[in-house]
Every structure is written in C-alpha cells, then in structure tokens.
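Below: a set of structures, written as structure tokens.
Below are two complexes that have chain A in common, paired first with chain B and then with chain C.
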Partner chain A sequence: MTEKKVGFEFRERLNKIVGGNHHNYCYQCGSCVAICPAARFSDDFNPRDILLKTLLGKPEELISADSIIWKCTNCYSCYERCPQDVRPVEVIIALKNICAEDGVLPPNVDKFSDTIAKSGRSVVMTSTVNRRRAELGLPELKDPPLNELEILLE
Partner chain B sequence: MAEKIRVAPFWGCMIPVKYPQMELSVRKTMAPLGVELVDLDGFSCCPDPIYFKARDKVQWLTIAARNLCIAEQAGLDVITMCSGCTSTLQEARFLLAEDENLKALVNQKLKKIGKEYKGTARVKHIVVMMRDDLGIERVKSSVVRPLTGVKVGIHYGCHLLKPSQIMHIDDADYPSLLETLVRAIGATPLTHTEKLLCCGKGCMDEDMPLQMTHEIFHSMESVGADVMGLICPTCFNSFDMGQILIARKMNREFNMPVIYFCQLLGLAQGFDPEEVGLHLHRIKIDQVMETIAASETVEIVVR
Partner chain C sequence: MMDAGRHPRIKMLTYSEIEEVTGYVGNFKARIRKKAKYVNENECTACGECAKICPVVVPNEFQMGLSTRKAIHIPFPQAVPSAYILDMDNCLGNNPIACGKCDDVCDKKCIDYDMQDEIININVGAVVVATGMDVYDPTALDDYGYTRFENVITSMEFERLICSEGPTQGHFIRPTDHKTPKTIGFIQCVGSRTQDPERGNPYCSNICCMNTVKDSLLLKDHYPDIEVKVFYMDIRAFGKGFEDLFMRSKEAGVMYIRGIPGEIEQDPKSNNLKLMVENTTTRQLEEHDLDMVVLSVGVIPRKDQEVVKKLFSLSSTSDGFLMESHPKLKPVDAPTGGVFFAGCAEFPKDVKDSVTQASAAAARAGTLLSAGKIKIEAITAVVDEEKCKLCGICVRVCPFNAIIFDKATKQPAHVIEASCKGCGTCSAECTFDAITMQHFTDRQMYAQIEAILSDKPMEKIVTFACNWCSYAGADLAGLSRLQFPANARIIRTMCSGRVKDKFVLHAFKLGAPIVLVSGCHFADCHYIDANRWTQKRVWKLWDKLEKMGVRPERLQLEWVSAAEGQKWSKVMKACEELRQQVTEEEVQQTIKTLKQEEEKKSSRAKKQPAPA
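After this line comes the complex of A and B, so read on.
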C-alpha cells in the first residue's frame, strides 16, 4: 500500500500568497464545477479537482507551464458561487504565482507581463498609434513614468 | 441643466492603443450628459488581471494602487471604460481594505516613489456612472434619435459583475443594468441563453475560446439580434476579430456588428457612425443604420 500523506509544506507555501490561504475553506461541494465555463467546454478542466490536489498538497501536476490551471477562463463565476468563500479563481492565480516563483510560467505570460513592466502598457505602442489617434481628433498618448514602475517592480 | 460631474477617465491600454474608436465615442457622448472628463497624467496599465496578476499578485496590487494614488491626489473618482481595468482597480481597493498587512506592504513600496495609497478615490465603470450618478433620465434626455427597432443582443462579460462581493454593481445572475441603458436609448434589449457566458479571452487553449464565442453568437442569432452590445474592449476583440476566426476555422458566418455601448449611445445622440468610429469595425453596421433610418421615416409619417 502506498503511504497517504498530505503535503502541508506546499499548503503553507500557498497560504503565504495573496488569496492562497482561502483554499483551506474548500469542502469539495463542486458548486464551482457546475458554473465553470472551462469545465463546460473541456473534458479535463475541473476546479474542484484542482482544489482537491491543492488540499492534498500535491502540486506536481499543477505547477508547470502546461498545467491545466492555465485553461481557467478567469471569469470569476466560481468566486461568485462558492459557499465557502474559497475564491477558487484566486487560489488558481496563487498557484500561477507559484509557477512564476519556480520559473515555470508559460512563455507568453512572462512576455506579456514583461511588456507591461517595461512599457507600462499591455498593448505595444507603434509609431502609427498616435497618428491614427490624431486622425480621430484624440490627444497624443504619453508614456507612463517608467522610472516609477521600475522602482516599484524591483 | 443638471449638475455637472467631474471624473478622471482611466482609459487603460486596449482602448487608447488598439480601439481608439471607443475612446472617441466616450469623449463625444459625455459632453451632452454634463460629464467633464479630467485627463490625469501618469496612469499606466491597470495592470491586467489575467497575466500580470498570474506572475505576481503583490506587484499587480502595487501598480494598481499607484494608479489609484494619482486619482486620490487629484481628488477625483475614476471612471473605467474596460471591464478588465474595472476588475483590477476595484479588486485592489477591496484587498487593500480587507488586509491591513497587505496595505502596509504596498505602501512601503509606494513610499519609494513618494506616494501613499489611502483608498479615497472610488472606481466606476462608465455604464455604472450613467446609472448611479447621472441617472437614466439624464441619459434619456440626451437622445435625439432613438434607436427604435434595433434589437441589441446584450453581452455583459465577466468582470463588470463578478465577484459581486467586490463589484457591487448588479445581481450577477439576473443583471438589468445594460437592459435599462439600451432601453433608455430607444433600442430593444434581447435576453438570450448565453447572455452571461464568458467570451473566453482569458482561457489559454487553442479551441475553447472560439467555441465559447461561437455559442454566444449562436444564442444571440437564435433570438434575432441585429447587433451585439457590450462594454469591454477585450470582449470586443473576441467577438469582432473572433467572427473572422469563426468563419475561417469553423466555417460559420454570423456577420453580426459588435458595438460598444457608448457608440450606440452616440448614434442615439445623433452622431454619425464615423463620428463614433464605427467605420473602424470589421463587421459593418449598414443594416443597423437602415433600421434606424426606417424608424425615423415612420415617425415623421405618423406625426
């Protein structure tokens, strides 16, 4: 028989991330699954199952760049529905933060975040943007103070 | 004239860079409503509630708090035009009020750039401001060309309403905000099965997002919608560009114009489609304009 052990170390690590500690409240009722669009449109996404693996402290399948957690639509329906205030989507995002700490973010997430950190915008500015805006009679877009962002993101 | 309202618009990234037509429609339609938009310097990305938040929630909160500080210093409330920005800024306010330690941590970082987050500036999506601060009557009274006969399939998107514990906007299961506004401009709001389904943009999968947008269009088409009305540039991207992708990959054409609420409001206030940037959309709105023109003719005959 294999030994059944809860990985409390992982759970304690998750507790330290903003919103991660709410995973402790989950009693596995499945309300989140009933309302989840990602569960509806895929065969393998299941927020209750993600929470179960989290409760067992077994992150191996969850913490990776191709983990199922990246299929979450971030729609907040589970947050709305959960009777235990688990805020499942926030637990999933906390798991993603652990992916970042462990250096296993999907490359596009890392790249997108870098764009925001370096330019202050999520959409890349090109030389045509202000020209198009001028044609519509809109004011010129100025860069946000990047030095401030740099200090804050140190 | 009703009292003038001064607010700080938070344009975000998608709207000013990618879909400036939405910004144009906001700037055009707010003047007739007695809203003064005070553009503040220094706002950055909200930052986005999907990817940037996935990398580091504390960094995400810190940048959001920095943006809110700018409005606090100006003594103005913020209006948002994008559901993502609304979500980030509102959730940041919630978390920083909920957790003193987190607020202290964020303020310790903000101190390095000479800022302090207090939590005094409120955040409202522009459609919420219209309902709560202006009132539906004021919206109605700005209408000179009611969109009579135009059937609007409503798409709420996710982040305007959910989680209601944070957003405090409407019933997340049976919302009425957009229906009320669509009626105020003379159009007919249509309810449909997938009214509350997510557009799928935040899901990192090849097929699922497109299946979701497809379901929403199918649901709208089956109740006879002329246009889709929405309030978020990210959803807009899923649906405007999304229709091209659905045609290409799923061999299904819906040809349904996707219109930001302030553009619909602009048409009702008498602006031409070009004046609210509707010529920049991939799916053209000629049919809708014919419906509006036809109803105008009928009204003249009746009078």
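After this line comes the complex of A and C, so read on.
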C-alpha cells in the first residue's frame, strides 16, 4: 500500500498559475472525457484522471516529458461542456507551464519554441509560401520584429 | 385537494390572482381578481357534452402538449371544483353566429360568454405563500439535443407518458415510431449543480434523483425486458426509505453508470440515439445505443415570483427562491410578519417535505390567529410628530412597509408597531431627527461614541456592528480564540442600517482615527434589504469626506456574517494597519474641518427666517 496523502504543495503551486486555480471545483462527473476527441482515440488520455491527479496533488505522473498531458489537442470542447467551470484545458495548459518551469518539455515542444524564438513564427517561412501568396494576390510577408519578440519572451 | 375543496371552513378560490395586499400582520386586506371561467361552476355537473361538441382543438398544457384538449375543458381529471372552464383566447363563442355550440348542448345552461372577472376584497390575518416552482427548460443545452431530437424527452414528459391518465393511457411509447423502447437512458443533474449559468443553476434540485429511481422502477414493473440505464454523478438518496428504493431499483436490474454523457447523436434513419460516456468507476469510455433518453430536469423558481415578492415585500436568496426569516430557527416564516412559506416556493423539496412545511406553516398561522394578540419586540421606531416635515423618506426606505404617510392629508408619518422590526433605517435616514429608535436612541449612540473616545482616542477603532451578523461574527472570533487587535470598540446596533451619517461624523469630530461600519452580506440581511441603505449612506459619506479633505479610507465598510470569525479577525487586523497610518495632525485637521462645517451650518440656520 502506498501512503495516501494529498499533496497540497503542488495544488498551491498550480493555484498560482492562471487557469490552474479552477481545478479545485472538479467533481469528477466525467463529461469532459465523454466529449474529448483525444480520449476517443487514445486509451490512456483522460482529462478527468488528470484533474483527479491534480486534486490529489500527485505531480509525479503529470509533470514529465512523456506525460499524458501532451496528448491534449487544445480543442476546448471540455471547456464548453464542463458543468463546474473547471476549464480542464486551461488546467492542462497550466500543467504544461509547470513542465516548462521545471524544464521537462518533450523534445518536439522544445524545438517548436526554439523556432518561434528564432523566426518569430510558429511555421517556418520558405520562399514557396511567398510565391503562393503572390499567385493568390496577397501581400508578401515581412520578417516579424525579432527584437520586440525578444523583449516579450524575456 | 378534493378534501380541501369539501371542507366547510376552507374557501377555495381557483383561477384567481391576488392583485394588491395592504395592511400588516393580523390585518391584511387583499384584493383578489377571480377570473371569469365563462362557466357557472356551481351549476356545472361536468357531464362533458360541451367538450364533445366543441370544434376548437388546442395542445393540452397539462399533458405537456403531448395530447390535445378542446377550448372548453377541465384542466386535469382531479381538478377542484369539478367544472368545465372556457379558454376564451381560443373559443369562437365570442360571436354566437360563429359558434355557440357548447351553449346549445348544455342542459343546465351554465355557459355565459359575457361573464366578467370578479373582484373580491377580503380581510385576512395571516398568509401562506405556496406558489410552487417551475421546471428547468433544457432546450439551451444543445449537446443533449432536446427539441432537436424527438426521442429526447424531459422527466415531466416521461411522467405523462407513463401515467394511466396520460396521452397514451399509460402505454409507454417513444414519440417517433410509437413503439415501446427497448433501451432507455436517464441523464441526471440536467440544469442543476453547475457553475455555468448557461447550463443551469448551482444548487442541487433535491427531487430528481429519487424521481428517476421511481421512474426506473415504474418502467421495470410495466416492462421487465426494458433496459434502463441511469447516467449520474451522485445519487442523493438521503430521505427515509430512499436508500431502500434505490436498492430495489438496482435489484430490478437498472444499470447505474457513474458518468455524465457528453453529447447525444441521433441516427437519422432509425431515430435511435447514441451517446458517449466515461464510466468513471471503470475508467472506460463507453458508447451506448439507446432508443430514448430522459433528461432528469431540475427545478427553478417560478418565473412570476417577482409579483409575489412585491405583494408581500419578500426577498429571495441567491438561488432565486424565497428567503426565510432565519434559515435554521424560522424556516417557515417570511421576514414580513404574518406571512409563511410552504413547499417549493422556499426551496425545491419532495412531497413529504412539502407536507411537513405546509403543516408547520398552518400551525404557525394558527398560533398567530388563535391568540388574537401578538407580542412585538420593544425595539421599534417612534415618530416625533412635531419634528416630522412630511418628506416621506422613511416610508421609502422601510423594508417592511411599516410606515404610513399620506402626503395629501398632511398627517405626519406613523409607524405601525406590529410591522416594525426595529432595524432603524428610517431613523438613520431622517434628516430632521424626527424618528427615535427605542433602545437604540440617538442619545444612547452618541453617549457610547463619546465614552469610547473620551480617553486616548487615537488608539481606538470605533466599530458599528449589526446584532445578527457582524456582532455574532466578532463573538465567534472571540470564542474560536482567534487573535485580533484589541483596540476595537464595538457599538452594537440591530442593523447596520441604523448607523446614521451623523454618528460617523461625530466620531471623527471627537478624534477617531478609523470608523468601521459592518453588517450582514447582501441577501443575508435580517431586515430584507436594509443594508443596501447602509451601503448607499456610506457611499455618500465617502463623497462628503473627500470634499471636506478627509481621507475616505478612514471610514471602512465591511460585510461579515455570523459564521465568519476568521474574516472578522482579518478585517480588524486591516483596520489596525490603517489606524497606524493615521497621524495626529491628520486627526486634528479633521476635527478642525468638521467644527468649521458645523459653525457654517448653524450660522446658515440662524440666517434663515423661522418657518411661519
């Protein structure tokens, strides 16, 4: 038998992050799972379970690079459906932020943030994009102000 | 209802509305509009010939629109009096050339197309408000598809479909193909227990769990082969015998699945329904194919409750239901004297609880009436008729309508002592000091303020706390051994509404660094809404202080309930912090300004000629 104890430290840490404080209201009805497209296709992704683990204050299974929280598609269906205004997706985003603070991001997320920091875009610009835009009569995309972005990221 | 209708000492006025109520406990005068039924209810034998011949067919409201009725009808089979009623909005008989068929067939000639509403004036001693509730409309919950899918029905519609007097004579069928469904699902907590205002109400509606348990047993009794699934998050079987019924339902083979479905989808061909649900006990995502879904809808306050609230000056709690005089000790009494509650008007409850409360309300009203006299609190307001300038402010602010004043007759305001509860708002608002609050007179209040500030005023926090919430909250803080600064001096008033602006200014004039006014939370006020006037008064005072160059922060306003000892201690600590920031010079400056103001006022009063 493992020791049964609620980790209030972790819950307090989560409460301080925008969106994370809503986890307290969850009453485990499971309507987020019923509406979740990710849960339909992945056996181990379960937003209710994530919320349960936050309520019990068990970060071990959530805060890691291969945690199930990275399977969330950010579709906001659970946000719409939740009767208790828990906003599961925002709690998951808060958990991801904790992962970033602790430096346990999955490699692809790390790469992705690097791309944004270097180019100022989430999708890398290539000459093909501008050619296609010219064909469609759209103005050419200019380089985003990287110096401003640097300040923002700091 | 039949028994009540037959009782020699009960007079039942059906299809009637109260239009106006005046007076007070023991002496209410009610004006009632008895609406025209267009059928003489004493003569009608309910033979039904008229309904047979009536050509107008409209949806039957009692059967939730699942069947039809005629323009002349009996609202429901057990209606009292057992007489027909003509729905004039749909009747063609206004013009006898057009129809008039019912009148032709009526042997007793009891139909009168020209019947008028009747106004009845009665005097009553006590009133029981039993206006009931409405049912939540789940149309707004788009994911359940109510009204989009015909086979999704509410528990009210289910009740009609399974009733032997219902539209199908008790044969349970589903709306699309009129066949008995093989699988049926119940979804619980529809419109209840949600923090999202678009999805319903935050409270538990109390009755839907047991209603579903009962419904599932009814289905299993009539159709043992039917597969019944209940999707729930908690089954609240809390009453006497409820757990037994829940067990019986489980034994009968009803499947209870812990999990709330996400979305209902309909198969366009078969009209069958499909839903996804996580069975939270097994952690499995399940797909259920159902022939029919019943939404177990919650209960909401009546839509026309505002009318009743205005008639008897009642207020409601944050859930929208009517507020009792005290949630634990006076659960059937309204804050207005002589008014009592029974049933769901106060909060959703089942039959047993409604009967219990109705019996209590009848007993409370009986006690009041049989004594013929009532004992009232000694704390009431008294108007000094010579000082009264007929401005009418007291009448406007009184939460109990206990002050009478008629501008036309130029009679000074008069307090009905039986209605007065002693909050003191009138006395605080009266600009001419014409109203004395007995036992909390202005003199007593000034004396207390002076006593507090006679010695080392700079160290004191003058605190006004209302008797019911803040004073009790301070008491609790003490009893719970919570630490808070000991330099607060509390002046008890019955309500924060008693705190006159002059009291606060007087305290500042005597050198008070901080003044705190504390009362009950809104909708918690024991004098309906007297603390709203406190708030308005403090807002005005803040403006005034600012104009005089006094920092408004030195007057604090807080709402602390009797259960909030913790909050009291926090508020006191905050006040102490504020007090330490107030300097001696600041206080002296305030005293100087206030004295100058006073001099200005008195010289102005001298200049004005005395009224003739």
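To be clear about the criterion, the second predicted complex is superposed on the first by the 139 of 154 C-alpha atoms of A that agree within 3 Å, B and C clash if a C-alpha of one lies under 4 Å from a C-alpha of the other, contacts with A are read in each partner's own complex, and residues count from 1 in each chain.
Heads up, the rule we're going with is that contacts are C-beta pairs under 8 Å (C-beta built on N, C-alpha and C of every residue); 3 or more make two chains touch, one makes a residue touch a chain.
Owing to the predicted nature of the structure, the values given are computational and were not obtained by experimental measurement.
Visitor: With the two structures overlaid on chain A, would chain B and chain C clash, or do they fit side by side?
Guide: Here chain B and chain C can both sit on chain A without a clash.
Visitor: Identify the partner contact of A:I116: answer first if only chain B is touched, second if only chain C is, both if each is, neither if none is.
Guide: Touch partner of A:I116: chain B, not chain C.
Visitor: Determine, for the superposed model, which of the two partners chain B and chain C contacts more residues of chain A.
Guide: Comparing chain B with chain C, the partner touching more chain A residues is B.
Visitor: May I ask you to decide whether A:Y25 touches chain B, chain C, both, or neither, giving the answer as first, second, both or neither?
Guide: A:Y25 contacts chain C only, not chain B.
Visitor: For A:K71, decide between first (touching chain B), second (touching chain C), both and neither.
Guide: First partner only, chain B.
Visitor: Looking at the overlay, does A:Q84 come into contact with chain B only (first), chain C only (second), both, or neither?
Guide: second
Visitor: Could you tell me if A:I98 is touching chain B, chain C, both of them or neither one (first, second, both, neither)?
Guide: In the superposed model, A:I98 contacts neither chain B nor chain C.
Visitor: Just to be sure I read the superposition right, which of the two partners does A:V33 touch: chain B = first, chain C = second, or both, or neither?
Guide: A:V33 sits against chain C, while chain B stays out of touch.
Visitor: With the two structures placed on a shared chain A, what shortest C-alpha distance in Å links chain B and chain C?
Guide: In the combined three-chain model, chain B comes within 5 Å of chain C at the C-alpha level.
Visitor: Which parts of chain A are in contact with chain B and also with chain C?
Guide: Residues 77 of chain A touch both chain B and chain C.
Visitor: Could you list, by residue number, the parts of chain A that touch chain B in their complex?
Guide: For chain A paired with chain B, touching residues are 17-19, 37-38, 41-42, 70-77, 79-80, 87, 93-94, 96-97, 99-100, 105-106, 108-110, 112-113, 116, 120-125, 129, 132-133, 136-139, 141-142, 144-145, 148-149, 151-153.
Visitor: Quick check on the complex: what are the chain B residues that touch chain A?
Guide: 13-14, 16-18, 20-21, 23-24, 27, 39, 41-45, 47-59, 61-63, 66, 87, 95, 99, 102, 109-110, 112-113, 158-159, 162-165, 172, 197-198, 200, 202-205, 208, 211-212, 277
Visitor: Taking the touch rule as given, give the residues of chain C at its contact with chain A in the complex, in rising order.
Guide: 143, 189, 193-196, 199-200, 233, 258-263, 275-280, 283, 285
Visitor: Quick one: in the complex, what on chain A touches chain C?
Guide: Interface residues on the chain A side: 25, 27-36, 39-40, 46, 48-49, 77, 81-85.
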